[in-house]
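Following this line, the structures themselves.
There are two complexes below, and they share chain A, which is joined by chain B in the first and by chain C in the second.
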Partner chain A sequence: GPLSERRLVDVRLGELPAWLATCNLSPQGLLGGVRKAWSSYYDKYINVKRGGPAGISMLLAGYCLLSYGWNYQHISKISFLVSV
Partner chain B sequence: MNLSFFDQFTSPCLLGIPLILLSMLFPTLLLPTPDNRWVTNRLSTLQLWFLHLITKQLMSPLNKKGHKWALILTSLMTMLLTINLLGLLPYTFTPTTQLSMNMALAFPLWLATLITGLRNQPSISLGHLLPEGTPTPLIPALIMIETTSLLIRPLALGVRLTANLTAGHLLIQLISTATTALLPIMPTVSILTSLILLLLTILEVAVAMIQAYVFVLLLSLYLQENI
Partner chain C sequence: VLHTTRPLHTTQQCLAPLPPLPEKGGEVRYGLIPEEFFQFLYPKTGVTGPYMLGTGLLLYFLSKEIYVINHETVAAACILSVIIYGVKKFGSDVAAFADKLNEEKVARALSVKNEAIKDLEAAIEQEKKEQWRVEGRSYLFDAKRNNIAMLLETNYRERLLTVYNEVKKRLDYQVALQNLKRQKEQDHMIQWVEKNVVQSITPQQQKESIAKCILDLKALSKTAQAAV
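After this line comes the complex of A and B, so read on.
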C-alpha cells in the first residue's frame, strides 16, 4: 500500500527516510506511536489464551538491557582487581 | 576510577533523563488494566487474584469509613512490591533505596491518618496516647513517651524501607565482589561464597515482598486507630 499507511516492519530500509517524513512527529503523534507499539506487543505475546512466562520475561530482559545502556557510562569506569 | 560500594545507589542520568523516572514508570507496563471480558488473559487473572487477596487482607480490620482508603493502600502495596522486586534484576535501579522517595510516601500518608483522627474524633485519637491501666504517677512520662513514638512513626516507616533494601543490595554487591575476586585464587571458597549469594538472593526476594507488606500494614494500623 502507500508508504504512510504501512507499519514499520513492512517498510524497506531504503524507504526509511521517506517513511519518517510521512509520520506524525508531534508529541501526541509519538505518544500514539508508542501506544500502538505497546498494544501490538501486548496483544501478540501477553494477551493470549494460554500465555506463559515468555511475554513478561522478554519485557523484563528488555528492561535489564535498557538499564544497562542507561548505566553504561558509569559502569565502564570500574577497574577490577584494585583493592578498595 | 575506582568505584565505591555506594555508587550503585546514585541515580544515573542519560541525556539529562534520570533512570529513576523509567524505574518508576516501568511497573505500569507489568500491570495491565484488565478488559471487560469474563475470561481475561493469564496475567490479568493472576493480577486480579492477587489484588483481591491483598484488599481483603488489608480491609478486613477496618470499619466502613476506612474502606475509602482501599484504593490508595492497595495501589501503594502493588507499587512497592513491583518496584522492590524489579530492583533485584541486574543493572536495574531501585527507587525505594532513596530515602527521599520513601519519606515522600510515608510522611503524607501518616499525616493524613493523624489529621483524620484529630479532626473527626479528637478525644479518641488523643486517648491513644495513654494506655489503659497505667498508674497515676506515671501518666505524664508515658504521655510524653507515646507522643514521641507517635511523631517518630513517619521517620520509622521511611527509614525502615530504605535501610532494608539498601542493606540487602549492598550485601549482594559485597558478596558477589568477594566471589569474583576469589575465583582465580581459591575456587572452592568461591563456590561456597556463591552458595551464600544464592541464599542471600532468596532472602532478598522475601525481604522485598515483606517490606512492602509491612509498610502498608503499618499504615492501615495507624488508620485503624484514627478512623
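After this line comes the complex of A and C, so read on.
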C-alpha cells in the first residue's frame, strides 16, 4: 500500500528516508507511536490465554541491554574493573 | 493500567462482542528471540544462519571488549541459571494454576449468563401459560352464572315454601276452631239432655225399674244354673 500507512517492518531499506519524512514527529505523534508499538507487543506476547515466559523475559533482556549500554562508559573504566 | 492500552473502537465499524483472546502468544525461541527473526534470515542463510550470526556477534563483542567481563557477568550467570532451573521445573504447575483461575472466572460468568437465560425462558413459559389460561375465561363465567342462577332459584323456592306453610297454618287454625266449636256444642247438648232425663226420673219409676231388674236377674240366674 502507500508508504505512509505501512508499518516500519514492512518498509524497505531504500525507502526509509521517505518513510521517515511522512511520519508524525511531533511529541504527540511520537507518543502515539510509542503507544502503538507497546500495544502491538502487548497484544502479541502478553495478552494471550496461554502465554509463557517469553513475554516478560524479552522485556527484561531489553532492559538489561539498555542499562548495559547506558552504563558502558562507567563499566569500561579501569578503576571500576580493578575495584571489584 | 496495562489493559487500557488495548485500542478499542479504533475503526468505524466495531464488532460489538470483542474477539476472543488468541490462544498462544507469538513464537519465541529460547525465550528471547522471536521466531520472525529466524524466518527472516532463513531464505538467505538457511537454518544455521541466525546461530552463526549470534556466535559471531558474541565473539566479536568479547574480543573487542564491547562486552566487558566483570563481576556482574558471574552474578548474571548464576541468576540466569537459577531462573532457568526454576522455570523449567515449576513452569507447568504455575501455568496449570493460572489456567484454573481463568477457567473459574469464565465458568462464573458463563453460569451467570446461563442463569439469566434460564430465568427468561421460565418467564416465557409462564407467560404462555397465562395466555392459555385467558382462553378459559368464558367457561369460568358460565360456571359463575350457573351458580348465581341456582342461588336465585333456591331462594325463590324457600320463600314459596314459607308462604305455603303460613297459609296452611292459618287454614288449620280455622278448621280447628270450627271443630272445637261443634265439639263443645255437642258436649253441652248431651249434658243438658242427660240432666233433664235424670231429673225426669221420679223415685217411683226408679223403684219399679230396680225391682224389674232383680226379677230379670233371678230369671237369668235360673236359666244359667240350668245350663251349667
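Criterion: the second predicted complex is superposed on the first by the 78 of 84 C-alpha atoms of A that agree within 3 Å, B and C clash if a C-alpha of one lies under 4 Å from a C-alpha of the other, contacts with A are read in each partner's own complex, and residues count from 1 in each chain.
Everything below uses one rule, namely that a residue touches a chain if its C-beta (ideal position, glycine included) is under 8 Å from a C-beta of that chain, and two chains touch if they have at least 3 such contacts.
As the structure is a computational prediction, the values presented were derived from the model and not from experiment.
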| item | value |
| --- | --- |
| Chain B versus chain C as contact partner of A:N47, first or second or both or neither | both |
| Chain B versus chain C as contact partner of A:H74, first or second or both or neither | first |
| Which superposed partner A:L59 touches (first chain B, second chain C, both, neither) | first |
| First (chain B), second (chain C), both or neither touched by A:L25 | neither |
| Which of chain B and chain C A:L13 touches, first, second, both or neither | neither |
| First (chain B), second (chain C), both or neither touched by A:W38 | both |
| Those residues of chain A which chain B touches in one complex and chain C touches in the other | 38, 42, 46-52, 55, 64, 68, 75, 80-81, 84 |
| Chain C-touching residues of chain A, taken from the complex the two chains share | 35, 38-39, 42-55, 57-58, 61, 64, 68, 75-76, 80-81, 84 |
| Complex interface listing, chain C residues touching chain A | 2, 5-7, 21-26, 28, 31-32, 34, 65, 67-68, 70-72, 76, 87, 91, 95, 99, 102 |
| Chain A-touching residues of chain B, taken from the complex the two chains share | 1-5, 7, 10, 12, 14, 19, 22-23, 26, 29-30, 32, 41-43, 86, 89-93, 180-181 |
| Residues of chain A defined as touching chain B within the complex | 38, 42, 46-52, 55-56, 59-60, 63-64, 66-71, 73-75, 77-82, 84 |
